[in-house]
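Letters A, B, C and D mark the chains as written, and numbering starts fresh at 1 in each.
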Amino acid sequence: MKLAYWMYSGPAHIGTLRVASSFKNVHAIMHAPLGDDYFNVMRSMLERERDYTPVTTSVVDRNVLARGSQEKVVDNITRMDAAEKPDLIILTPTCTSSILQEDLNNFVERASFDAQCDVLLADVNHYRVTELQAADRTLHQVVKFYIDKARKHGDIVTEKSAKPSVNIIGISTLGFHNNHDCTELKRLMADLGIEVNMVLPDQASVEDLKTLPRAWFNLLPYRELGCMTAEYLKAEFDMPYVDITPMGVVETARCIRAIQQVLNQGGSDANYDEFIDEQTRFVSQAAWFSRSIDCQNLTGKKAVVYGDATHAAAITKILAREMGIQVVWSGTFCKHDEDWFREQVSEYCDEVLISEDHGEVGDRIAKTEPAVIFGTQMERHVGKRLNIPCGVISAPIHVQNFPVGYRPMVGYEGTNQLVDLIYNSFTLGMEDHLMEIFGGHDTKEAITQTISADADLAWSKDGSAELAKIPGFVRNKVKRNTEKFARDQHIQKITAETLYAAKEALSG
Amino acid sequence: MKLAYWMYSGPAHIGTLRVASSFKNVHAIMHAPLGDDYFNVMRSMLERERDYTPVTTSVVDRNVLARGSQEKVVDNITRMDAAEKPDLIILTPTCTSSILQEDLNNFVERASFDAQCDVLLADVNHYRVTELQAADRTLHQVVKFYIDKARKHGDIVTEKSAKPSVNIIGISTLGFHNNHDCTELKRLMADLGIEVNMVLPDQASVEDLKTLPRAWFNLLPYRELGCMTAEYLKAEFDMPYVDITPMGVVETARCIRAIQQVLNQGGSDANYDEFIDEQTRFVSQAAWFSRSIDCQNLTGKKAVVYGDATHAAAITKILAREMGIQVVWSGTFCKHDEDWFREQVSEYCDEVLISEDHGEVGDRIAKTEPAVIFGTQMERHVGKRLNIPCGVISAPIHVQNFPVGYRPMVGYEGTNQLVDLIYNSFTLGMEDHLMEIFGGHDTKEAITQTISADADLAWSKDGSAELAKIPGFVRNKVKRNTEKFARDQHIQKITAETLYAAKEALSG
Amino acid sequence: MTLADTTPQPLEFDCETGNYHTFCPISCVAWLYQKIEDSFFLVIGTKTCGYFLQNAMGVMIFAEPRYAMAELEEADISAQLNDYEELKRLCEQIKRDRNPSVIVWIGTCTTEIIKTDLEGLAPKLEADIGIPIVVARANGLDYAFTQGEDTVLAAMAQRCPTSADIAAKTPVVEKAADQNAVKKLFSFGGKKEAEPTETAVEETVYADHEPLVLFGSLPGAVTTQLSLELKKQGVKVTGWMPEQHYSDLPVIDPGNFVAGVNPFLSKTATSLMRRRKANLINAPFPIGPDGTRAWVEHICDALGVETHGLEEREQKIWDSVEDYVSLIRGKSVFFMGDNLLEISLARFLIRCGMHVPEIGIPYMDKRYQKAELAMLERTCREMNSPLPKIIEKPDNYNQLQRIHAIKPDLVITGMAHANPLEARGITTKWSVEFTFANIHGFSNVRDLLELVTRPMRRNEALDSLGWESLVKG
Amino acid sequence: MTLADTTPQPLEFDCETGNYHTFCPISCVAWLYQKIEDSFFLVIGTKTCGYFLQNAMGVMIFAEPRYAMAELEEADISAQLNDYEELKRLCEQIKRDRNPSVIVWIGTCTTEIIKTDLEGLAPKLEADIGIPIVVARANGLDYAFTQGEDTVLAAMAQRCPTSADIAAKTPVVEKAADQNAVKKLFSFGGKKEAEPTETAVEETVYADHEPLVLFGSLPGAVTTQLSLELKKQGVKVTGWMPEQHYSDLPVIDPGNFVAGVNPFLSKTATSLMRRRKANLINAPFPIGPDGTRAWVEHICDALGVETHGLEEREQKIWDSVEDYVSLIRGKSVFFMGDNLLEISLARFLIRCGMHVPEIGIPYMDKRYQKAELAMLERTCREMNSPLPKIIEKPDNYNQLQRIHAIKPDLVITGMAHANPLEARGITTKWSVEFTFANIHGFSNVRDLLELVTRPMRRNEALDSLGWESLVKG
């Protein structure tokens, strides 16, 4: 058992449902007790979705438990098939109902007899994988099912499109800024003269999956969703893929250059250098911001970063490489992707943190005392308590992460949005500090409660007075450093001299 | 004399310089003492402008004062003319140098002999008009000068363009979100099949002003800049103008319908009804947000609005009409536009406030205790002190109002941006209150300091205990209401019963 | 009056598939940990439960809440780990970090299915760590949403002391016959009464009646209002279950009177009757002026206290909210069914002049809701409104077809369907809000109507803008 | 040593058009109102002045600052209103709302031009409202940026008490010969010394020397550091002008020694010498390890105190910042001229191994900066660096041409030109930051170098990304 009240990724069935309900005309049947169906609420409330979520719960109650659930599940599948005429129904249990060890494959087989549509059982282990892994797996499962089916029917489309084309894989409902990212990626592809063959799974029709191989390559903006599918398509059809997240000007350029290489290997003659240069220097404002005076003043400031693998890695690189901000540590909750994450960020931060424990993450922030945090909603609230500003850069999703206004994180407009996020996080933090400094009247009231004499050390009157002159937001740090210095030097009473001697010694 | 440390609009010369430096290849010479040239700093720092601001100060110091400034001013004009080869040089004094009562027209005349470019003296009274009025006047002056010149040269273009076309008037440097608004307006015009003839004054060339009459009509997104010019063009060339600010779905639709009418009067056959319907219901998310559950919970909440005439009026209408939020009062610092403002907002708010005094505005906010403020940076800080969230909707400009990411306030994407602004202002405020309510541990510590027994009233033990149960952010209001009730009822000691009797009586 | 006596209802009851959306009963943690300030709630379940709580709790999750998940991992499910040792480890950590007065274990579907013997483990662990452990099975197999509270209060009812318990624990105090006095000493500990004269004076306003304990978790301000309402009639509330502190659980002796404030507390009622031998006062619930008056009347009646001025009081409240009532009179409201407050709300809204074609409700205890159902029927008769159809365990899919057919003026629904209905031009109100808002008693009628009318007031204004439908086709 | 003695400088000086950008001298209000905590600053000027302050002050403006504008309106300019009555009305309001210990009137260009007789009005109003009024003409016709502080301190110098003033005001205290003791009593009022033994012990570390008052507004932490530095040499600082409170203005008697900490305080120096008959110690300024050492040495020399260990101290600081120094050694820096700290900073950076082609400076008082200029020359010689050209009242337009021709590694410039230069691949640092950062004394050398090297460290990293030029063409 694990004591917790916050988790960074949801249970497996949420991942399955995110993929299922992203597709057009796919219905999911959740075999679960009452109350496990909050996915529908999340989609309806967080995304302000106008349509009914295509997920029906076949409710397991005490009676169903006693009688066995096969009849009810099969009945619900056939009912939904008749009423909604979906292309595909995906059945999934939840953590709870998966313990019942029922032969759900058999339920699906039974239902397939009567249903007009395809019926699939989502194939995930509800205790071993997270929401993210389950989503990746379910997408792969659906794609494979329809590729196999097309092959059997002989109507698979393997001939490449005349113009260079791409499948964008990984855009899904309840994904962090996914809708805006998708728009921006489509615009970017249009700018590059690349036709978008399919977007997966968002708004995709399963009937069209047979045309996936038509595209010249697959683009994977996120680590968390699509990798299995891309690998599968590479293995089956030798389709290349580009899995560089185009976040920040440097990585966006790298992604475009990788696309150029892929296209040229496919017989095209693309040269995006000029486009990249124009976008980087003049269309996007990010490169200019990096060079501008505002950003100069962020140089060397300390930040910590935490989030899913994609976003935490991308932001770490942007902060360190594009803005000269010191990333003290960078962390992720994507334990399953630890190796990739370490490889991506090690060069750009002092330390790497791999943890799913919100308590550990919070403690590390408190200990680090960074000038700014980039993290999830949880870290934002940790920051609130510690009075450290936080920019939210990653799921778990929250209604605030579904802005109505255009807020992509990828591509060139994404670089602009990130500049605002980073700059505002720092300046609003700075503003609070400045308000404290310029608060005026009450500067005289010494903040003496922080001057807790430790057992072995005493602060002289002038030492305390001097400490009180230090602005509140660094006072604790100065106090700790001075006390450390005093202990090292065997000084028992800390005077103003000690304080400044410590400053000179420790900054040397 | 007026005691103040904050003003909502700048001095006149700032308005003149905003217009002058918006034009392409126009240089301004500011005749002023050292230090009056901070306009250059504002442009460079707030807008993160990459180019040198085309404003040179001809510095007035003690020596110049003694010798007379004509020589220096004329010399600076001719020097800049030779070095930068501008089309036009505009000379302006500041509040200070205008007191010297020099014959600046004569300076200009003198300089015109030697200079290749046109030279104009900005014609404003520095003690009678604000930044906004001066900008409006300077734009008119420049336009008139070049129209007159073109007429003299006989090369004025009065023939209308084949396709419907528009001049967008009022976009300027250091304008609140002007750059993004301009992009959005251009996109909107493209969607409507209207060609943009000129944008004024931003990035416009004075040499092209002679082509202004070519457009079918003028569009004035803001009250503050462009009205004089539009009136002038109407008087001279019978050019119609549309001065409906397209902010919010209702006003955007009204603006488009007015454009339709103007075009059709000009012989076109435009029908934008379908476009408006599609944008309103499906492309913009604002109409849907208004109807969604999130917004339902804002219904009847109290807001106050304060800003320039354009933005304060637009936001007031959106809040009241599109979101069902109660605007307790709406105010502006644009005293010169009081009549228009009253006419626009009276229907949508309980009271109208016309004031330039930040102290008065702050006091009114404190007294009103709204759930949210929409105002300027000053009101944001007032809100910070009072613990009331504030969305910033209007100049005076501030570096935070020059986001790098796309943030128009007009048009359909503008409606989305405003939804985010309004929603986040409310929810982040609510979040703070919820954190207080759910703070958990310390709910028991009674906030007894607010229970200050007024001379004539006493709170019984159970009354105080009951009051302490009320969440902090409404406690003061409940307290005041209860005490008012007690006084009216001649109750001397307030018990729990009194408190709830007051609740029933006052809500009736 | 006992629950055994069920008179047949002419109301029409039906039962559907039970494929309906409601919050998991473990969500009761959200308000209970807030109410009982010295408690800690431990939900023993899976990642699915935890993720639900985290999403449902919103901002509360960040406030270092006094609840947590004991997340069952694969080794727990496959019984490779010892439940007792695991729970002990967690509870010791909770004791160390937060030191609550009580730990409430919330069992879930998973603990039901893997048959974790929480009731068996609790007494041993309670003895081991020295903190009371209350066990409640708030699982979705047996219960819906608000019934979670019912499972907790039913369990807690067993922990209420008797006069004898108190007497045994306070040997220095003279064993007084008046258990109220004993209770006072107990709950206030060593504190001195600051205003003894005031208290003495107060006592005289009460009639001489059997002790009365009210049950149901309501915010402090609302319990005060209801207590004051009864005080006006001379009825003294001996205690509330729960109180702000676990250590203040009221004394309940056999023969004492108890009354519930919410319609979803049938298990608690049964527990109090069967195991504590209390007398349940079966009354309509104090929601709306009509319900509040009936509730007070039933209580007074049971205690043999004569009421006075109630009719005027009810009328005065009605008069004060006429502006709101006039907005909904003659309109229709459809309850999809979510929080078990449906019958009481429907009865109140019919009294306001609304029509109710259908009341969906997760679970219907006709005995515990007997007085409320009777009042619903009477109200319909008096208001000349057709009797609503009551659908237990509704099927949301079917309900949506009926809603689109009937087009009611208002649908009170769970969170999953509100936005899609609004997008189709159907006005909705979240049922969840009635669970959290202060809607009980006379003083809150205006707030209750504010909630009900809000979407109608808002949408009326919006409708003039002509965006009624926001879906294609 | 007197200011009259000006030895010819082999340094090349030049003067341009004076069309350069710098902040208005009234901006000194920003740091002075912060420093002197019981003060209120009233800037008497136009909307142009007010809007500048509001923009320059950034967030401070929102913190209910202890300064305000007396905004001159048309009626004031045209002398329709009575200046005295208007100022009285405003000052009375300030007294009512904030009750400061002193009101400082800041005259502006406008009061110069309309010839408002602030000096004439102040004594009468001071008597009328009972609050000292100090008048400073911080106008842009005569002064640049930091010189605003000079005008205020020069005026305030006249308000420093003499021993005789103190003696007259404290009749109960025995008129001690030691004015330090008198000063103590005065400034601490009725307070008891908590640690008398500590104080007594402390006194013994000081040499016996003439009283020394330091002038220049520095943050409390920095004044402590500099005082401690002198204490190490046995020199006791009698007082600072200004102190945290106006009421703590130091005693200055004829013949006392005074020394400035900043190069822009020439008017204050002159005022102290001419009107208070103080002895000015003309020293380089305590910026950089070299400057700080020279400053301490000059002071000790003037007071007849022998120094010890200063060379080692300086060397230790240099050693501790070698990592930063190595980043700039051999590079070039161009000063456009802004805050009058230019000579001191250039001298320090040349000592760090940089080359300085040009030092722009708004105003050059060769007498007050005599020791600093001499040290600059010596440093160039010792570091084998060409002598910089010093341009007084530069012309920014011409400077930009020179910068684009020379392409220095760093340009220290005002805020108007930093972004355009950066966009053209030229690394810049705001001169303003040196005005506000703690750069004085040995302890702050690292912070000073942190500032200087920050843009170079940052741009070095960025340059590898290949975005050097961010303008077209």
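Descriptive notes on the structure:
In this section, a contact is a pair of C-beta atoms (placed from the backbone, for glycine too) under 8 Å apart; a residue touches a chain by one contact, two chains touch by 3 or more.
Chain by chain, the UniProt names read as follows: A, B = Light-independent protochlorophyllide reductase subunit B; C, D = Light-independent protochlorophyllide reductase subunit N.
Just so you know, these numbers come straight off a predicted model, no measurement behind them.
Here the spacing of chain A and chain B, counted between their Cα centres, is 36 Å.
Averaging Cα coordinates per chain places chain B and chain C 50 Å apart.
Note: centroid distance chain C to chain D, computed from Cα atoms, is 69 Å. Chain C has residues 62, 65, 415, 418-419, 423, 470 in contact with two or more other chains. Across the assembly, chain B contributes 45, 48, 50, 288, 292-293, 384, 435 as residues in contact with two or more other chains.
Taken as a graph of touching chains, this assembly has some other topology, since it is neither a line, a ring, a star nor fully connected. Across the whole structure, chains are in contact as follows: A-B, A-C, A-D, B-C, B-D. Taken in their complex, chain B has these residues touching chain A: 45, 48, 50, 285-286, 288-289, 292-294, 384, 399-400, 403-407, 413, 416-417, 419-420, 423-424, 427, 435. Against chain D, the residues of chain B that register as touching in their complex are 1-7, 10-14, 32-38, 40-42, 44-45, 48-53, 56-62, 65, 76, 79, 83, 94-96, 99-100, 126-128, 377-378, 381, 384, 396.
Every residue of chain D that touches chain B in the complex is listed here, in rising order: 17-27, 44-56, 61-62, 65, 67-74, 76-77, 81, 86-87, 89-90, 93-94, 108-110, 113-114, 139-145, 362, 397, 400, 414-420, 423, 470-471.
Within the complex, the chain D residues that touch chain A are 33-34, 37, 58-60, 62-66, 194-195, 198, 219-221, 224-225, 228, 317, 319-321, 415, 418-419, 422-423, 428-430, 442-443, 446-447, 450, 454-455, 457-459, 461-462, 465, 467, 469-470, 472.
Remark: chain B residues 249-250, 280-282, 287-288, 290-293, 295-297, 299-300, 321-322, 324, 431, 434-435, 438-441, 443-444, 460-461, 466, 469-470, 496-497, 500, 503-504, 507-508 touch chain C in the complex.
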